[in-house]
Amino acid sequence: MRIDGREYNQIRPVTITMDYIKHAEGSVLIEMGDTKVICTATVEEKVPPFMRGQGCGWVTAEYSMLPRATETRNARESSRGKISGRTQEIQRLIGRALRSVVDLEALGERTIWLDCDVIQADGGTRTASITGAYVAMVSAMDKLVEKQLIPKLPVTDFLAAVSVGIVEEKVHLDLCYVEDSQAKVDMNIVMTGKGKYVEVQGTGEESPFSPEELQELLAYGKKGVTDLIAVQKEVLGELGNRIGGRDEETVENA
Amino acid sequence: MRIDGREYNQIRPVTITMDYIKHAEGSVLIEMGDTKVICTATVEEKVPPFMRGQGCGWVTAEYSMLPRATETRNARESSRGKISGRTQEIQRLIGRALRSVVDLEALGERTIWLDCDVIQADGGTRTASITGAYVAMVSAMDKLVEKQLIPKLPVTDFLAAVSVGIVEEKVHLDLCYVEDSQAKVDMNIVMTGKGKYVEVQGTGEESPFSPEELQELLAYGKKGVTDLIAVQKEVLGELGNRIGGRDEETVENA
Amino acid sequence: MRIDGREYNQIRPVTITMDYIKHAEGSVLIEMGDTKVICTATVEEKVPPFMRGQGCGWVTAEYSMLPRATETRNARESSRGKISGRTQEIQRLIGRALRSVVDLEALGERTIWLDCDVIQADGGTRTASITGAYVAMVSAMDKLVEKQLIPKLPVTDFLAAVSVGIVEEKVHLDLCYVEDSQAKVDMNIVMTGKGKYVEVQGTGEESPFSPEELQELLAYGKKGVTDLIAVQKEVLGELGNRIGGRDEETVENA
Amino acid sequence: MRIDGREYNQIRPVTITMDYIKHAEGSVLIEMGDTKVICTATVEEKVPPFMRGQGCGWVTAEYSMLPRATETRNARESSRGKISGRTQEIQRLIGRALRSVVDLEALGERTIWLDCDVIQADGGTRTASITGAYVAMVSAMDKLVEKQLIPKLPVTDFLAAVSVGIVEEKVHLDLCYVEDSQAKVDMNIVMTGKGKYVEVQGTGEESPFSPEELQELLAYGKKGVTDLIAVQKEVLGELGNRIGGRDEETVENA
Amino acid sequence: MRIDGREYNQIRPVTITMDYIKHAEGSVLIEMGDTKVICTATVEEKVPPFMRGQGCGWVTAEYSMLPRATETRNARESSRGKISGRTQEIQRLIGRALRSVVDLEALGERTIWLDCDVIQADGGTRTASITGAYVAMVSAMDKLVEKQLIPKLPVTDFLAAVSVGIVEEKVHLDLCYVEDSQAKVDMNIVMTGKGKYVEVQGTGEESPFSPEELQELLAYGKKGVTDLIAVQKEVLGELGNRIGGRDEETVENA
Amino acid sequence: MRIDGREYNQIRPVTITMDYIKHAEGSVLIEMGDTKVICTATVEEKVPPFMRGQGCGWVTAEYSMLPRATETRNARESSRGKISGRTQEIQRLIGRALRSVVDLEALGERTIWLDCDVIQADGGTRTASITGAYVAMVSAMDKLVEKQLIPKLPVTDFLAAVSVGIVEEKVHLDLCYVEDSQAKVDMNIVMTGKGKYVEVQGTGEESPFSPEELQELLAYGKKGVTDLIAVQKEVLGELGNRIGGRDEETVENA
């Protein structure tokens, strides 16, 4: 049995509260168990220098933790004067993942900034950030549709992310912090609503893993993403029906 | 009439939610109208180098805004690689203000870190941070008493802060963002429960102010602090009774 | 009696030497007792990005101390790679104070840089910087009038600053370093020639102060500013007669 | 056919020159096609602060490119004053990968620094760095054995890395730069001599990939790692025989 | 006798390998004894801001060492976040030296970047960088001639550099690291093919040197530069014949 | 004739005012024509890490210019967040030069910090800094003798520095800014009282110089240093008699 009584292939209770921050074009508070992340989406009417003049938009992300989101206090990256390698890896991952389901040409020359700020951490903050930022992004893009700046949502599919790992020789889905700190193998999986992989990142630093274990990790990940996308659909309601791949074959009935 | 229907000498609705972040020794979410700040208090069992070996504790603060706490997105200070002058001024102010009501010797050689993170801004973020951080600090110190690390709360008095200003020739208490952006004079007042000044910071950059205006600003400030300390007392409950100056003459009946 | 034999409401001997640095458009060496600050004013024919295209000028300040201006050597901020919170607070204060008496529209789209470099420190360096920078600024603006770039001095009033504080229960005017280091309350007051407040910044970190003490501090501050403006008038001579408020009610005969 | 005439599941010609830099305890020049990386291993007789007093060693890596390793010149990270997210990701990956086959306890409280400097880049620089750094590390550890500081090589297995990707709907092994820039899916695989995964990092930013494609990518990766470990064995000669898993089941005959 | 058996006025064996890095417009590997430097020349079709619009080109240099180029590992300047004073001095020297033999007007508004990366150090890295970068630069400029962007090589003379020093009271030419670390006087000399001085930098920190010693140092330096230019001519072949001063009086027959 | 009427081999009027800054152990204002530098010497009772435990002292220098020391305002290095290559070169030069005449062993494990702050610049600021810092250093060391921390001045010789250059084909001694900006060759010479070279740094970036020109530059430099040491002796008075080499052969009567 897991420490919080869950099944090995069960995710934690998930809540996504939309329009959490009044100023942002899109915003959610996502809670996955005790992990809580504020995700805001900001629309900026220009693109970064390397994208200019190509008629395409851009989606980028920033990730941070409040100093006391964790068990012990972490010094702020602004005080230390530089962003850690871990933070950079995570924000690059979030941006890449979200871009995979956006039709950047349809978005037009504008940038969507996704800010994921962890206010309380209990494992899986990067995957919760992706799952929450997706909803905030769709919500902000809907504002663009409402203002008739773009004709329809430039989103091709649903997208969610989850962690899987091996703790004491058993594959676990959606690890909380205590499980994560004991895991020998740690993997993050980002998938679309149609069941395609966007990112597969598995690390067996302390203990390399076998091909069989890899297959089991992938299966658990698919289960978790499917459950999370169900929550996204509920929260997005009608908005979800306007997402690219909705009418086509999707992960849950694949 | 003010834009939100308040009297000129009336503060906005205030809510202080205690124990908002599970990992921190003390934490609150303070909401003053639409301004929302998460304040956490962390106990560290050492003091900064310049305080070592003196048998005294230290209280210090850090302040930050989420990028989208404001109407338009602000770049993170961690991305820009340095902390702005405004942020530094604010965190120095918060630390100084809180130390004024702490018996540092009684605290012992430990540091209380106060992290004030604005998740939504609508004027008065620095004063809300002080008012909220005070409650988080008292709560964290109570943990030290519970663990018998110190015999009693090393806090000498209540403490709260409020902004006042002159908008269109009229003094206003507790300015929201729209008022603040039109104010010709801007003042922050930090006072103790016994009605003493800890900080008086008034600026008339666009329009110097007369001695008579200064007196009226001070009077409004006292009204605001008194109202805020009443809220703190309610939230702290029994804990408030153990604060230094409770039984003596306090601001509301001075 | 004070350590240097002054009355409690008496400022130190003040000398302002004009045209101290040959390259600058305006420059002074201001000496207030043993505090010595070189203030230069530089005219730059453009404004910072956030001011462009508005037809208005800008006044900004930078403040620094030579490493050995103080009793013990301070590491240079250039070597440490960042500007301290204290320095930022001071340079923001100086800039704000000076702008309060400048008609930025009449100045036109140009910037006045005020550099205040403390070569020897004995308390009151930020207030001496304001008092000295005012003279350097007026002198630089006079060059613009001479070159017929602007029709008249865009200065609306005189401006000076002084410190006051409470040492051993007594209010003191213009504290030297030894007094300052023993002060329980520390206040800086910036006032105009017409007796209006531009900045009031009082801090009672070690000991909050009563409303009565606040009033006495304000009275001493007014006395000090009046005396300093008298020195500025003497040094500026005919130039002083061309400053905005000269013919109207001024502080000394209010 | 591929642009350089290779089969889809064929790696480029590989050369590993040992003892390339005279001062380093271990060093190689690894050439994979036109990608050339100098890998040095330095032994430092202490561990980083977070590892002290645990009786364990540490392995860490740094990665850099000469400015003109690439088609167009890249500004140095030392000139820009910070390390890019990409560089940080890569050096974290290299360190993690190498640690997975080191018995840190047997290494003792010392650090192996692996410096991977790309002098010419043509795709696959991070995987070439891992494959080359492995040989440099083993060589440096052998010096410790020679000096009798440790009784035997604290290395549990062989280790190599290779890139795979999907270009124009076909899976390719060991992509050169031109192929890499056209790839829709990009994956790096790090495996041990016994055929276990240490890292699996696949990204389908421009085009999510199906479960079937994932399986094919994994199979090509295994082929590439097996070929590279054969080269490492040849280069290491007798030294290779003393590596942990040599006598047990290894990848090539799994 | 010297530790490597050389005469006091003899340089170490020198090898210059042209076209060492395939992407660069010009590149060499220069080996002077055990000192090995990769020098690349990059052509950029613009000049730095301070040179724009003057119709002139620019030549600038960057210098770095791989961490393990030296006996003990040096932390990377990118990790430390700033470039050391030593590095800055060296790259300024290299840039200045190279510009002295370039007709910047004839070069046109473009920049030649010279990157000198020391892969193995054994004394004299800055002088080897100058000698090698000269060849890389000429080679890159020849590409511009080939593309008919400029009519002829905009190079007025040959240029090389060498170190001289006083070790145990004797003047030595081209010091290796062991000699350099024992030298009381250290001098770098940069000269043109026509025997003119471009840089003379002598330092007697531990022991000031007499006018007579200075003359002997200068004579040895001339000998060394003459020998190095002979190597450059051999390597450049026909290209060398097209350099400005070739037909006129040159250093070897002065 | 030179623009200020001097002979080609004549230095500008020099004034050295001792004890210019009250807090420093040694301090001077040196004026060479319109170049004015405040030099302070600070004694610190420890040495930098790389010198610890060797029983030797250290002498180090920092150099800076006030922003408006020059014709146009220079941004502060503290604002730009890094020290320029030029500044680093100069402060390394000053430190090296001063150390050449100090018996570091006799100084004991303490550091002398020399701060050279240019308040007005008109050419030759680095050489004026050396000449002035020498006097400040001797003055600070005398305080150590007075306090009986060391038995005698640990200074082996006098030391001064001067610039020479070639302007319009003529060698000039001690160039002012206008001359310096027209010079084709620029050289700084640091010499001891006994006529030995400590530093010879000549640069002919725009025009390499002949061996004959080098000899003439050296002769002018010796003349300048001799004149400056005469001024130092006058200013130091009796203190000068206690400097190492005073009784031996000195430059002026060599």
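First chain written, first letter: the chains are A, B, C, D, E and F, and each begins at residue 1.
Following the convention adopted for this analysis, contacts are C-beta pairs under 8 Å (C-beta built on N, C-alpha and C of every residue); 3 or more make two chains touch, one makes a residue touch a chain.
Per UniProt, the chains are A, B, C, D, E, F = Ribonuclease PH.
Please read all numbers here as calculations on a predicted model, not as lab measurements.
Fewest steps needed to get from subunit C (Ribonuclease PH) to subunit F (Ribonuclease PH), stepping only to touching chains, is 1. The chains that touch subunit C (Ribonuclease PH) as well as subunit E (Ribonuclease PH) are F. Residue numbering at the subunit A (Ribonuclease PH)/subunit D (Ribonuclease PH) interface overlaps substantially, since over half of the positions present are found in both copies. Just one of A-D, D-E or B-C has an interface built like that of C-F, with over half of its contact pairs in common by residue number: D-E.
Subunit A (Ribonuclease PH) and subunit B (Ribonuclease PH) have CA centres that are 35 Å apart. The centroid of the Cα atoms in subunit B (Ribonuclease PH) and the matching centroid in subunit E (Ribonuclease PH) are 61 Å apart. Rounded to whole angstrom units, the spacing between the C-alpha centres of subunit E (Ribonuclease PH) and subunit F (Ribonuclease PH) is 29.
The residues of subunit E (Ribonuclease PH) that reach two or more other chains are 81-83, listed in rising order. Traversing the ring of chains that begins at subunit B (Ribonuclease PH) and proceeds first to subunit C (Ribonuclease PH), the chains occur in the order B, C, F, E, D, A. Interface residues of subunit A (Ribonuclease PH), counted against subunit B (Ribonuclease PH) in their complex, comprise 21-24, 27, 34, 38, 40, 42, 44, 62, 64, 66-71, 73, 76-79, 81-83, 87, 113, 115, 117, 119-121.
For subunit C (Ribonuclease PH) in complex with subunit B (Ribonuclease PH), the residues that touch the partner chain are 82-83, 85-86, 88-89, 91-92, 96, 99-100, 157, 187, 191-192, 194-211, 214, 218.
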